[in-house]
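The chains carry the letters A, B, C, D and E, assigned in the order they are written, with residues numbered from 1 in each.
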Amino acid sequence: MLLSQIPTTGFFFLAPWIVFFPVIGLLLNMLIGGRLSEKGVGWLASGASFASFVVSVLLAYSVWTGQGHGESVYLSEWMHVGALQLDWTFRVDSLSTTMMLVVSGVGTLIHIYAIGYMHEDVRFKNDPGRYRRFFVFLNLFIAAMMILVSGDSYMMLFVGWEGVGLCSFLLIGFWYDKDTLGRSSWANSDAAKKAFITNRIGDFGFLIAGFLMFWNLGSFQFDQVFEAAPALAATQPGIIIAITLFMLVGVAGKSAQIPLYVWLPDAMAGPTPVSALIHAATMVTAGVYLITRSAPLYTLVPEAQFVVAMTGAVTALFAATIAVGQYDIKKVLAYSTISQLGFMVAAVGMGAYVAGMFHLVTHAFFKALLFLSAGSVILGLERGHHHLAHHGHHDDHGEVFDPNDMRNMGGMRKTMPVTFWLYMIGTLALAGIFPFAGFWSKDEILADAFREGYTTVYWMLSIAAFFTAFYMGRQIWMVFFGQARHEAAAHAEESPRIITVPLMVLAALSVLGGALNLPGLHTLTDWLEHTIEVHAGEFLISVALISTVLALAGVFVSWLIYGRNPLKAGQPDPLKRPLGLLFTGMENKWFVDEGYWAVFVDRYVDLSRFLADVIDWRFWHDWFHEKVIAGTYNWVSNIGLNLYADQRGIDALANGLGTLTQNLSASMRKVQNGFVRSYALSVLLGVVLILGYLLLK
Amino acid sequence: MVPQTYYIALSAVLFTLGALGVLVRRNALIIFMSVELMLNAANLAFVAFANTYQHLNGQIIVFFVIAVAAAEVAVGLALIVAIFKTRQSIDVDTMSSLKG
Amino acid sequence: MTQVDFYVLLPLIILVTWACALLLVDLFIPKERKWLTALLAALGLALTLGFSLSQLGLENTGFKEMVVVDGFSVFVNALLLLSGLLSVALAYGYLKRMGIERGEYYTLMLFSISGMMLMAQAADLIIVFLALELLSLPLYVLSAFARPRADSEESGLKYFLLGAFSSGFVLYGIALVYGATAATSLTGIVAAASNGPLTGSGNTLLLTIGAALILVGLGFKVAAVPFHMWTPDVYQGAPTAVTAFMAAGAKIAGFAALLRVFATAFPSIAADMTPVLQAISALTMIVGNLIAISQTDIKRMLAYSSIAHAGYILMAFVPYGNPEVAPVSVAAGLFYLVAYALTSFGAWSVVIAVEQKEGKGLAISDYAGLGRKYPALAAAMTIFMLSLTGFPPTLGLVGKFYLFRAVIAGGFIPLAIIGMVTSLVSAYYYLRVVVTMYMQDGEPETEREFWLGLTTAGTALVIVIVSLVPQGLFTWASEAVLRLF
Amino acid sequence: MSVDLILFFVLALVAVAAAIGMLLSQNAVYSALFLVINFATVAVFYLLLGAPFIAMAQITVYAGAIMVLFLFVIMLLGAEKLAPGKVLPYQRPLAIGLAVLLVAEAAYLLLSRVQSVAAIVTPTVETNTVEEIRRLGMALFSDYLLPFEVTSVVLLVAMVGAIVLTIREKGEQG
Amino acid sequence: MEFLLQPLTLVTFFPLLGVLVLLILPGENKSLMRWTALVTSLVTFGISLWVLGMFNPSNPNLQLVAKYSWIQVAGWNIQYHMGVDGLSILLLLLTTFLTPISILSTWTAVEERVRDFMVFFLLLEVGMTGVFLAQDLFLFYIFWEFTLVPMYFLIGIWGGPRRIYAAIKFFLYTMAGSILMLLAILWLGIEGGTFSVPELIAAGGIPADIQFWLFLAFTAAFAIKVPMWPLHSWLPDAHVEAPTAGSVILAGVLLKMGTYGFLRFNIPLFPQAALQLAPWVALFATIGILYGAAVSYAQADVKKLVAYSSVSHLGFVMLGMFALNSQGMQGAILQMVNHGLSTGALFLLVGMIYEQTHTREIKVYGGLWKITPIFGSVMLIVALSSMGLPGLNGFVGEFTILLGAWGAGMPGGAFESFGGVWWAGLSALGVIMAAIYILFMFQRMFLGPEGSIVGETRQHGHGLRDLNWREILTILPLLIFIFWIGLYPKPFFDLMGPTVDNLVAALQTAKLAMP
């Protein structure tokens, strides 16, 4: 269904403000933030984000009241070059407003959460000056993300796409001079760089897709592209396949799919709100949004759809296995995010766009909840550690305390009860336990996979779901149950309200989120139907049963291993012995990073060093230009001099040349040595030569 | 009858000998004499041609050449004398400090 | 002698008369007031210049077609007289400083200029020969003028011996031409070449050989390779003021004679001569520029540079026998000659300013720090170096542009390329002077003399200004050569 | 072979021999004397070619005045002989080679390329008269007035030059 | 007087007035000299804005033409012919805009021979402006060569330790290139009977095979200047040794003279050769993009890094230009401006830190963002602009270029005969590689732990300071344009659009005429 171009009543004209508000917020904070109190800075940013949320609600309302008719809101011209006509135009329809609501809604909550979290974080890391910077970046992120979801063309989307990449870079590298443990290090900035560059690889794919699109479909504007696509698909489906697959490269970069997912785990170096907002709830789902948005293209080429679905499924399973072997509380969640993104990508790949979007939304809720709760745990642990340091009765042997390491935790349900319950809700939602939000959305994906005949995908996802339940269970047991394995865990303190209240909101959403698209009601389906061609999925009781059983089995197995016999301090993971090498693989992320380094990164560094030092400098600059060109030049000029005067040079020259030249130059030297008679000889030589030429000609 | 060519050939030979003198002798005075020989050879050619064409032009030119040669000699000898005063030598090979 | 004869040669007559008078007057000027001689010489030159310019538009022959006045001769005469004036300005302080101030200097210079002017006006080979001697003899003497300085004497002797040697070739060449055509007047030769006694092909060959020998002699005067070897030694050894005079004057005169003789008398053998000229020109550019690179003495460097520039100018004469392109080409040559003469005077004036007694201050390294200590002098030198390289905004660039355009239009593209490449080569050594002046530290000493400074500043300004409005000079040069072809 | 031809060859032989003698003699005085012989021989040629005035000038100016000047300078300087020097060993063979080439070129030009068969007009008694010399004088002062005047200037310059080069300035050494 | 009051004449030669004033200023009052130069360059900028005001963007032809007969003799037809159109108006503004900024950047950096420095700088401005405005080949050649001289001095006198070497190399390489161009110019002048570019274009009719050679001859000059790979070897030397202001102008304007030359002369004068050779230019441009980016990454010297990045960036310009369609060419022109702004700003910023630390080695830096937050933020923006982040200027240029290049690879496009869309595809990899070296530079200098230089400067008692007001003022205008062009490039595209469209249409006509 195409957008109505006829202006309707409503609040559509407000669309640009979803971007303007955060921009105003960040500008204000940049310019006058220095004079505001810490709270002031935080609330200003949160207010900006909230204003954006309000506008999103108004826009959604407008779409709602307009029976789903969206509108393009033209702001200004951007690039008009020949056939290229790009404008800053905002697209308000059911799909984009969904994303806006998620982004600004979750975003606002996380802003508020960050007021508290960052207050403590900057103090722990001993650099309060960064507080303001954080909120500036956060607002910038909201602005970029809003551009991404509201752009009316692929290129405007791309602006947001790269913009969020930049914010991701800035926020991952927020503690750019320290590592996650607060030690002076390059680690965090390396992680940030890695994220940006990996994303750029994806963006390369996006760009190529864009070029193909423009020159074959004639536009970047969504409607125009979709309008032109069927005709092209009929004649040259290969081009549509190429477009969609190159786009998939972009998706893989942004949504952390195989093979470009490697940046996401490292991105956990950023402060926890960032992990929750950017690297779980919003930015990483941009790829899913992109494919959903491009549904008219993907549906034209089943081959591409299959590739997308397989990519998602493989990623989902692969990441889930890695999550099993992690100790860092955030890393587990990070791999879980990759895995869940795999679910979504698989869903949209299969054409189950609603399922994908549904999972996107619910995932945003519960994964944000989980991350923030994890943040709360970390803060609690840090508080505990801090407390120890202040009261002097701790065993500080100079060892570095890692508040993210689950091996340092244990039994925290007593010290941090609120967080524990919130975490539990998140876990259940993620594991897909009825009736939490995750259950419904995940189930819809599985059901669609089953029904659409993607059997392989279905089974892979199901296994991944099992693993999900298992590693979440493992996490719960390791963190909250058993005994504290570190003094800090024992002394952990519950987080303040400012942190827990947003969590509660998210927890509520995680519980109720499933209501968005309950089987039979299809609220979300109906809503999105205004924008993309979708069909309501049917609820398959068999699928639901299998997945629930798998999830429960996962939790149960985790209890068997981790719950029944809680881990002791210093004890290795109980899975390590039975699984052996397999577990080592999981623990070490299947050595993918190392592989990439060995195959690509180091090679690139070598290549560029080689080009720079050997080819460009030693060969081209020094050897060719200095020796060959300049050398020849000097050599030639020296012949001139040497034949006249410098005997040394003559000898050198003569040694290097043949006997004939040697004799010739030697005799020339005798002739031309400052003697007047030699000069006369030269004149006579000229005469003889000229006359000879004229006579014999 | 002597062909005109013979005279020209003779003048060429004399000219070449004069040039050779410039090239092989080190004595500035003899070099100078060799130059005079060259001029002399040219004069011979002039007169020979003048004879062929039965012109006076050739002869008149020779007259001028002789006069100019005298002028050259005046300057040249003065120069040689001046140099001899400074260096006590008229070997041109010793005058090779300027080179390169 | 008729009135016409008189008018044709009026400037020359005035100059010679003036020179003779000066010779006498000088006897009565006391040693410490020799500036008066310089002034009088300059006055004479200026006067002659005025008369010479008054001949503009005059076209006539005189003395039984022995001499001719036309646009070309006026152009060259004016240039020569200007060179003379500049030379006087350069010499005035220099001679005093070097302790060789004598009145005969100026007299000899005037005589030499007379010879040069006669070269430009000569319409008969015998006049060419006499003029050659008239211009050369004073130069031999002037080269050795700084006696008993060994360098100066050596340069004088070398110049003299080689000069006499080469004039032998000219003379023999004239003899052969006479033998081939029964004429020595340029018009006579060309008439004979078309319908005169030149019947057999062998006589044409004789003519060609004669022309070639004349080319050798004149090539020697303009320092073309391989007749150039005297140049660096003589330029180095001679008093710098003389060198400056030689570098410009002798070259101008040599080219003027070459041009007039070949264009007027030998167009018929152009097909034979063009390759020779081409080869000489190419060799001259290459050898001059290449050897100049390795020079450490500024006078020698400028000497090689003057050789190289002879090559450039010679390029313009290569197509002399082709009436389609020759006028433009030769006009370009004349223009370039002006550019070169002015620039070279400028450069020599700086050399003189920096030169100290006992031959000090002549190494290029002595110029270090000039840019900081004497910015104006260094700026002027930079302009001269840029002009010699052929860089804007100087006359050198306009000249080269004009020249290369003519050469390409004549179809001598390889020659043009050699010219361009060698000017690139030349940038290297000209720039070295600039580098030394501005980018190396040193404590140079210079002499500040009014006339010298005026010459430096004046030539620098003219080089820049005329390069911006070259139309007049272009037109003049183009019109000057019109009658030749 | 006619008498003319024999005379020519004999004189030519003398002239060339004298020239070679000048080239070869180690003593500058001998060189000068050889040159005088050469000049004199050439003067005879001039007579044979019908140029008595030039022949006379040759004898008086060249062989007479100029060579005497040379001899005078040689004696004055005492520079008859030079100390032996071996600075340019390749100069001589190269020079001779070039000279041979030059002669060969001349021979090629004159003998095979120039088809002039003009013979020398033997002077008659009429031509060798004062009338002839008068004609020459007339030409000198009418047609050749300018060269004549120029020559005079050249001579003047030579004089001035010679003076400049040899005059002893006040306070100058030696 | 009428001649002098022509707007284009005025904008070109106005700096000479400043030169004159500087020359007659007595004494050694450095501050007075700086102000004189600054005011002169600002007035020149004002005049260029006046020119902009009179410029009619919808007119594709030359405007504000000043045309006087200059040298008319013997088949010569040289005119003083200045004009501005869509191809040059932006570059004119860029020149007059960057000059005062560069002068401002020397305020404390140049203490020696201030007068000379300013004189050379203003002379340089004259040359550069002239290059962009001259419409007569002879006049162009004069300006072109003239720019070498002041730049040569700027590098040679105020440069780094190997300045003489760098200066001579710069001079000789550039001059070597212009030799063949001179040959071609002369050929054109002789054959066409005029040196006026518009007249020569209008006359057309150069046979295709001759076009080929002339094209190559012009290319020799321009490719060295750009510099196109593999003729870039002079660039790192010149950049590293040049003083900051020199680097800014060198990167900002002088290199553009090469790309501009292609646009102004090669393409319109030899359209068939351009069409024929476009894929080959694209080949070298692509290699340049990738090679420059790869080599940048391995540099230890930050100025060298930026210098090599220029090779990469100008590769983009060349690629876009020879796409020979409106996207590519407009993108290329805009990218010239962008590169001037971004790389100019990078050099300025590097100069600002160099002034304090006297080292350009990347490895001694680190963690500067905390110490100098404004500096860090500005550098971040500029770096992002340089790597083509959407929303900033670099993206608009690179995107349109790549888009155009891709289009050129499509059937009927300029690259169809050889390489096709591969050029655009491979060049797009440069986007990734740009991120690699730019982020590497930013990370190693501004992120991470404090580098050794921080401690060193502290030991000297003062520590590193953040940007002062003058420096902010210097860099701020650049930042404004970086955002402006990124977000709303319409005014810029509008300025060049009609002219480029005209050119593209002419190329289409030429293509039809090809066998």
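Following the convention adopted for this analysis, a residue touches a chain if its C-beta (ideal position, glycine included) is under 8 Å from a C-beta of that chain, and two chains touch if they have at least 3 such contacts.
These figures come from a predicted structure and were not determined experimentally.
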{"item": "Any chain that touches chain C and chain A", "value": "B, D, E"}
{"item": "Intersection of contact partners for chain A and chain D", "value": "B, C"}
{"item": "Relative to chain A, chain with the most remote C-alpha centre", "value": "D"}
{"item": "Comparison of A-E and A-B by number of C-beta pairs in contact, larger one", "value": "A-E"}
{"item": "Most centrally placed chain - per-chain CA mean versus overall CA mean", "value": "E"}
{"item": "Mean-CA-position distance for chain E and chain C (Å)", "value": "43"}
{"item": "Centroid spacing, where centroids are CA-atom means, of chain D and chain E in whole angstrom", "value": "71"}
{"item": "Whole-Å gap between the CA centroids of chain B and chain C", "value": "26"}
{"item": "Rounded Å distance between chain C and chain D, as computed from the means of their C-alpha atoms", "value": "31"}
{"item": "Sequence positions of chain C contacting 2 or more other chains", "value": "126, 130, 133, 137, 140-141, 144, 147-148, 157-158, 161, 165, 205, 209, 233, 295, 428"}
{"item": "Two or more partner chains touched - positions in chain A", "value": "641, 644, 673-678, 680-681, 684-685, 687, 691, 695"}
{"item": "Chain D: positions in contact with at least two other chains", "value": "87-88, 91, 95, 98-99, 102, 109, 113-114, 116, 144, 147, 151, 154, 157-158, 161, 163, 165, 174"}
{"item": "Which pairs of chains touch, using the document's own definition", "value": "A-B, A-C, A-D, A-E, B-C, B-D, C-D, C-E"}
{"item": "Touching residues on chain A, where the partner in the complex is chain D", "value": "667, 670-671, 673, 675, 677-678, 681, 684-685, 687-688, 691-692, 695"}
{"item": "Touch list for chain B against partner chain C, complex", "value": "8, 11, 15, 18-19, 22, 28, 31-32, 35, 38-39, 41-43, 45-46, 48-50, 52-53, 55, 57-58, 61, 64-65, 68, 71-72, 75-76, 79-80, 82-83, 85-87, 92, 95-100"}
{"item": "Residues of chain D defined as touching chain B within the complex", "value": "2, 4-5, 8, 12, 15-16, 19-20, 22-23, 28, 31-32, 35, 38-39, 42, 45-46, 48-51, 53-54, 57-58, 61-62, 65-66, 69-70, 73-74, 76-77, 79, 82-83, 85, 87-88, 91-92, 95-96, 98-99, 102-103, 106-107, 110-111, 114, 116-122, 135-136, 139-140, 144, 147-148, 151, 154-155, 157-159, 161-163, 165-166, 174"}
{"item": "Residue numbers on chain D that touch chain C, as the complex places them", "value": "109, 113-116, 142-147, 150-151, 153-154, 156-158, 160-161, 163-165, 169, 172-174"}
{"item": "Interface residues, chain E side, partner chain C - complex", "value": "70-76, 113, 116, 138, 141-143, 145-146, 148-149, 152-153, 156-157, 163-164, 167-168, 171-172, 175-176, 179-180, 182-183, 186-187, 189-190"}
